[in-house]
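After this come two complexes, each holding chain A, first together with chain B and then together with chain C.
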Partner chain A sequence: MVNAAKVLQDLRASAERKPDVVVRLGKPLVENGAVKKLDADAWLVYEQVAIAALDVGDDALAQRCIQALEQKFPGSARVRRLHGMKLEAEGELIQAGEIYKAILQEDETNILAAKRQVMLLRAMGLPSDAISALVKYLDINYTDFEGWLQLADLYLEQLMYSQAAFCMEEVIMLQPQNHIFHLKYAEILYSQQSIGLALKQFCRVVELCKDHVRGLYGIKLCTSHLLKLSPSKDSTATSQEDLKAIDLLATERLIATYNAASSSTKSVSTKWIENL
Partner chain B sequence: MAVQQSPSYFGKLACLFGFLLLFHSGYSTFEHLSYLKAVDGHESGLPTDIVVELLVSVAIFGLGIVLVADNFKEILMETEMAKQSIESLDARPSFYSFNHRGRAVFRNVVLKK
Partner chain C sequence: MGAWTVLQERQAMLLDPAIRDWVLLPIMLVMVLVGVVRHQVTVLLNGPPRKADLKSARETKGLQRGSILRAHGNHLPEYAFEARKAYLTEAFEKGTYLKDPKAGNKPKGNVMQDPAYVETMMDGMKKNMMNIVPQTVIMGWINFFFSGFVLIKLPFPLTIRFKSMLQRGIETQDMDVSWVSSLSWYFLNLFGLQSVFTLILGSGHAADAMRDMQAMSTMGMGPAAGPQMSPTGQPQDMHKIFLSEKENIELTEHEWGLNNVETRLLVKYGKLPRSILVDQKKAKAAATSVSGPSTSSLSSSSPAAVAAAAAAAGGKKKGRRQA
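Then we have the complex of A and B:
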């Protein structure tokens, strides 16, 4: 019981989406009332289990959690948002939209409801409306990196790479220490054919996270691409000698990283490097 | 990558010993002062043996702490970031959507304990 609560707390902190784990651990807590012993944490657990239950389609459990929260916090916007999310999960998108609209009418700064509306528009199959709603939201809350990240995703779904790259630049400005964001940005640049810039970003990924395999593969892709081209006249571009040195170094690190892996994985990676 | 060090029993013993000495020197000081009060003496300062005992106890205590303490942790933020998975670094809890396969996949599955 104590362990389950600890695991749930860790999952809340790391924000990882593992609904099966949350429901498996949280369902007994909610059903036998042990969750009440957690004092203030109990309500967070209820919310967490409710959302996870929606993820795995256990609507009865979600309903139970939301009811418990409603009794404790009648009329709270956060609980009403959970109601809306339940309706969303059940496919009642229009009713869910009305809930969010009501919350925003009372308090137009409610960011949780505003974010839900964006996802609602996306679920309705109106991606351009979702994008404009999110742009409007980010106009006000421009320090919300989650929002920028989501906007980048929405743009990527529409194959609008340069807009997505702009969003990732904003994200990196807000969270420069997160290598995953640099990786995302680098991959968008690579898809956009800005190989030179992508190479620099992939190098940044490896700088922030030592021997990051996806970053190393990215470097390999960029250098092999650039080395096939004729040397560019641009003075800001990386020189051929540097490219060769980076390529060699990335290959070396990849091989060293895969040395610990199983022989089949190792052979696949070696083959890939040779064929590049 | 912190290598789990086996607990240093010598260090723990040193800590305990140092603490007992420290406690004893404190108690001796108290005794000494109440004795002075009783005999109405005007002696200032403490006897050398108490001072020496105190200094020795602090030295032993310090040594014990150094031996018992764990390995140092990296101060760089990157090392902490590198340990986290892409799922948690790229998570967006406020932007969940529910029209995904999970609802269909888990519907008839009983999640075992």
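Then we have the complex of A and C:
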């Protein structure tokens, strides 16, 4: 039991979303009442298990956790948000929206409710409303890079690439070390036909994360495209020798990486490279 | 060594066990209890946390926007950086992010009429009172009843410098330093009971004397959500802060981090010698020093600093020519 509590605590600290693990560990804790022995941590566990239970669709467990929390903290905004999430899980989107609205009316800075509202709009299939709500939210909570990521996703769904690129730029400024964000930015640039810029971003991905296959494929795509064009006169663009060298490097690394893989995967990747 | 044992023997004082039972332990007990009570009262007094104001949150985050652009702007391509620079300088100039954009340049009225400010002040006062009152009472109690008491002997020798720390309230020159006076015992407890409180009350307790000391030095400093305060406790003119941030942004030069990323990548995989990066850096340094000092190296815009930097750059150029 102590171990389960410790694992749950670690998951809370790292903000990982592993609902299956949380429910597996937390369900017995909640059901046999052992959770009460955790004192102050008990309520955090209840909240964590409730959200995880909603994720895996265990509504009875979620209801039990939320009830326990409601008894302890009647009228708390945090518990009401959980209630809203449960309604969302049950498909009662409008009622859930009313709960969030009420929370925000009491306390306009409630970040959790504001975020839920955006996702609610998205779930309702109102992307443009979701975008405007999220833009409003990000104007205040500028440093929330996950919010920017979400906004980039929303824009991408609407095929608004330059807006999505702007969001990814913000994400990169907030989290410059994460190669995944650079990769996403590079792919958006590639879709926007800024191949030269995209190449540089793909290079950055591989620089940050050695032999990143998706980054290498990206480089390969960009170089094969650029090598077909006449050399660019722009001084910041990649020189022809560099292009060839990078192209060679990417091919080499891809082949080396796939040498370890099964022969069928390998043949697919070699065929792709040859066809490019 | 011989002299040391002699001194030890000469000072083989015997303390009355009653001192231990009626002074030493009670002082400690009282301090622990007062700490616990203080924790509970603080929890009571604090009440629900004050609601943050949406606009002041936006104000702080707006400023962060500027500093993040300055710190990490080099990760962006030039056009993206310039667009943000232009937008932020204009927004900061106009005061778009201010709580009250129209009040931008107006001088602040009496700060005591700002309810948020008064509330933060009151919070700070309450906390300070919670700290000062019980400590003063305990110290007065000890001074009144037990002044000049020797309570305990430390089991290890100490140098003479500790005398003022351990024998406060006893004015003898010859007594060995390892004897501890009542007032010093109080201070040892004040600073040493920290971990005991953590044990009893859990972490994040309010009985912490050291934290209160810090609170005292930054009197009236509210939580981050409160109005921005300068160390003197006066609310700052946010418009001025934004204007100085705007100047900082204007002075920031953009140097794209991906300019030579291809070369760096080739070097990383050993396709090019590492020395090529050093050569590139040198070439770039030469280019910038010939074209004049870069603005980013000038943190102040005073004419004297500009002249000095120009002179330095000139000197560098000469040096290179001679070489």
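What to note about this one:
What we mean here is this: the second predicted complex is superposed on the first by the 252 of 276 C-alpha atoms of A that agree within 3 Å, B and C clash if a C-alpha of one lies under 4 Å from a C-alpha of the other, contacts with A are read in each partner's own complex, and residues count from 1 in each chain.
The criterion applied here is as follows: contacts are C-beta pairs under 8 Å (C-beta built on N, C-alpha and C of every residue); 3 or more make two chains touch, one makes a residue touch a chain.
These figures come from a predicted structure and were not determined experimentally.
Of the two partner chains, chain C is the only one that A:203 touches; chain B does not reach it.
Note on chain A: of its two partners chain C and chain B, the one contacting more of its residues is B. When the two structures are aligned on the shared chain, A:275 is found in touch with neither chain B nor chain C. Legend: residue contacts after superposition of the two complexes on their common chain; A:259 is shown touching neither chain B nor chain C.
In the superposition on chain A, A:20 makes contact with chain B only, not with chain C. For the contact definition in use here, the residues of chain A common to its chain B contact set and its chain C contact set are 210. Partner chain A is touched in their complex by these residues of chain C: 51-54, 57-58, 61-62, 64-65, 68-69, 72-73, 75-78, 80, 202, 256-259, 261-266, 268-269, 271-272. Considering their complex, residues 77-78, 81-82, 84-100, 102-107, 109, 111-113 of chain B touch chain A.
Within the complex formed with chain C, the residues of chain A that make contact are 40, 107-109, 139-143, 166, 169, 172-174, 176, 197, 199-201, 203-204, 206-207, 210, 236, 238, 242-243, 245-246, 249, 253.
The part of chain A that touches chain B in the complex is made up of residues 14-17, 19-20, 23-24, 27-28, 51, 54-58, 85, 88-89, 91, 111-112, 115-116, 118-119, 122-123, 146, 149-150, 177-181, 184, 208-210, 212.
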